[in-house]
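Below: one structure, written as structure tokens.
To keep things simple, chains are lettered A, B, C and D as they appear, and every chain counts its residues starting from 1.
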């Protein structure tokens, strides 16, 4: 994919989970099935190696393996985005180059973390990655994971200098997201929010990158189409249904497992219950969900009308 | 070095900076000189690939190169500790194995980060690393970098199960550190604090892992010996002098660069001014200090009596 | 005003600033003028003693004086809300009773703060205030000030038990706000956001409580009417204009004054420049804006078309 | 007490709890008994209306009642400090004046809160309070409650200008506390830490303001005397015993009640179990401890050798 085509990034681009088999390796077959399921639902791209893909828990080999599978199944039908998410510039450049070689159409990059960067250092980081690779860079703001915000001001600066071709905003800060829409109107801006995607699209967001899209891509495609066509009532109704589905992320007992284990574990559990992947396992050190928690997820799937696929 | 010897980890173990040459590669010659300077000052170990060593900004090759140099120069004289600091278990195991192969005597591991782990998941992480390698593991608590605390309770649990052989506490939480001394009395506990090392050693800390030790290892060795021998007045006087030296970390204009760039940049600048390393450069994306800031550092070095070495 | 009428709380309810004269007393004349200006613009209520009213900096006498003036000028035309915002239950009950006596139609209450309450203790706090007074209670979530969130779950619980008759959400968390709309559909929910008020109203919010409404009540009334009538393009255009106006809150040099001084100082400065109040002074310990900063505010007022009133 | 005498503030100055009777009023008889118990144990001052005294939950009448009782029982034997702790300057001046009238020898003041002050605004706050009253001001840094740190730099500035005559540091930041000792050597500096009081006094702290001192003033007086006389082993042994006693603050189920309810509730429960006060009740909205939790506290009291008093 060339830069021109990524400039038109839009629509629903789910950050795919990375299915894991009993040996802890990437379950290629499940991932193939998952990608096919997404394409069949009409998604406009897929994102490998994001937070939902457990990027922080993958080693290089597994990260590459997952990307390879997706590139193969997608076969150019839609853009394939790949995360290059790490603490420092050299590491991110390494990841980005490998992803480019493996066939990614664009590289998704967060603020550097662990090293408490100043906004000017965040800008320098994105520039260095941009200069080191031949595919475009997408900014990714997720302070809940990195503990440092990219911020709307930096995103606008990166857009103005042509350093990034799009942005994914998982900050939860809707006011900041609207500042990007207002001050960088030419930049395709994606919300990472599962919960106010309709409002974002109605206001001009290019699209949605929802972790929950793994489980219900049809729902997010419907929401996107409705919001884009101006049918906000239909979009909001779909959003409310998806918000109920999102309750799967909070069934786990947080006295026992962490937030990430709870959320990503619920995504994989729901995909496994729907038959989209074989195994709900997450990577170490994330703790698994219990049988009771799985039952609660199953009940929510039933409630919102999500059956076994195929 | 075998496990028996790391059980007796003690004293001053500076987390060494990673000198970088004009091409952005590890400056092996500077690192050799720095290690020799440290050994000459009487340090009781060295720690490669810690936060001060810009571990989060190194790629694998540079991380290995630095460790190799240190292992070679140290030549068994003191323990060589190596950081395996990353977001997830698979990545940390990879790093730890490579460090073991390169000759590290013990592996220093933080809480996993980016993934908001529950304490039980932090425990699982340390156990998995412990089980994957043949050299001992040292716990490292640095929530200012990881945004998640290991916590005194988890450290005590890891000590009780034999999962770690020592701990480095850079939490700044002196009450928590004392809880470790009290509840895990058999565990060598090192403070990462540059600023209350005398109190820590007087109360039974096994030693000190001070970033500032790069610049003045003689000072920290004097402080350690004084505190250990019960001469608290001498230890406190040395501590006050080192606290003044630590002011180099705050000369930079924080409206321009981040905390890490300010602190690590000042360490490298001071080492460069003392002639211990050739070049004050840090790794991307950290911004450099200005000439004015370097002058302020030089003035502080003069004030506390630190001249050119050799 | 009776409970029945507050159940229909809706529309634009600006949290009024408290004008201060040269002696540090409430400038009653300016406040009369400000209230009249608001009513003339068509606001649907006024809120005295909120964060924007410097409630935390007022003593009891000034708090009462300001409320008295507003009750007098409003004379029953619209509801008058009054903040009872303090650290603990006894203090809040005292404030609430005084406000009721002074003529407030409803009392706006935050989570207790300084005392790190559990959600169940926040619920107990609201119940105790509810039981102690005869006018209805409005929940107010503003974690940026209190450092503790009320949270959507607690708001829904308070709505279900009839403890509160409305909620003001200044959390910035649009996903949480939508949860309240979804799970407590009978509760009038007001957004405190100046920056996504159009989206909130379009989705069913009862109204807006915008600090910026002091300066441009006409703008927020237009936005509210447009969003309510389904003309989202017009609402969004007005929102964008108001977002530009909101930039007055960031002109101050934050190396010199705090966030509150910067924001509230800019509101009073803009009101003073428009001639709505006589004096831009804030209460101690807030630092004043500089002449340069005032000029920047004047330029923004000009840009968005806000002239002297009358 | 005149300024000269507060300049020599030193030793153990417990921040007293405020006993509450069945009607929710200050239990004067219990407070008299508690003050007498403290004086009998040899404390060097008492502090009314601090965080431990539930200052944030008291109204003005109860705050004054408690101070009155203490002033009466102490009768000039030791200094009586009183908190004037509130969000803004006018409120704090009001509280401070009332406390002065009631007989306080010095007024203890935190950073203003709710209003995110800049350090220069914190300085202005302390100056305004200093100028408004005739008794000396003590700085009190407790960011866990106020969500804003005074900071060592501001404390040193306040000391240099004679604005405060002492400081209480409950920041938990031992490095910052040592900076005050180093850079404001003439300022009596008290640690609010229950857990590293021995180290603080050994290094030159003027004394200790420990909430836990309510329950075991004899222990803190022994610790203080030992640390001051240079017998650090004895001080540390006492500190370890008191650290075990401090475990009473963590017996409560934090899934049910907040941190403050857990800590202050345990103090009052232990005092009640020792017979020093009649009733363990806290003020609203703090939730009470359970019977099981009280039993756990009783077991700890037994373990560290604290019996019924008298």
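Rule of thumb we're sticking to: a residue touches a chain if its C-beta (ideal position, glycine included) is under 8 Å from a C-beta of that chain, and two chains touch if they have at least 3 such contacts.
Bear in mind that the values here come from a model prediction, so they are computed numbers and not experimental data.
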**Q.** Chain whose mean Cα position lies farthest from chain C
**A.** B
**Q.** Centre-to-centre distance between chain C and chain B (centres being mean Cα positions), rounded to whole Å
**A.** 49
Q. Per the centroid of Cα atoms for each chain, what is the distance between chain A and chain C, given in Å?
A. 36
Q | Residues within chain A bordering two or more other chains | A | none
Q) Which of the chains touch, listed as pairs? A) A-B, A-C, B-D, C-D
Q) Given the complex with chain D, which residues does chain C contribute to the contact? A) 51, 54, 56-59, 62, 85-91, 94, 112-118, 120-122, 124-125, 128, 144-147, 254, 256-261, 283-287
Q: Within their complex, state which residues of chain C touch chain A.
A: 172-175, 178-179, 182, 193, 195-196, 199, 202-203, 232, 236, 239-240, 243
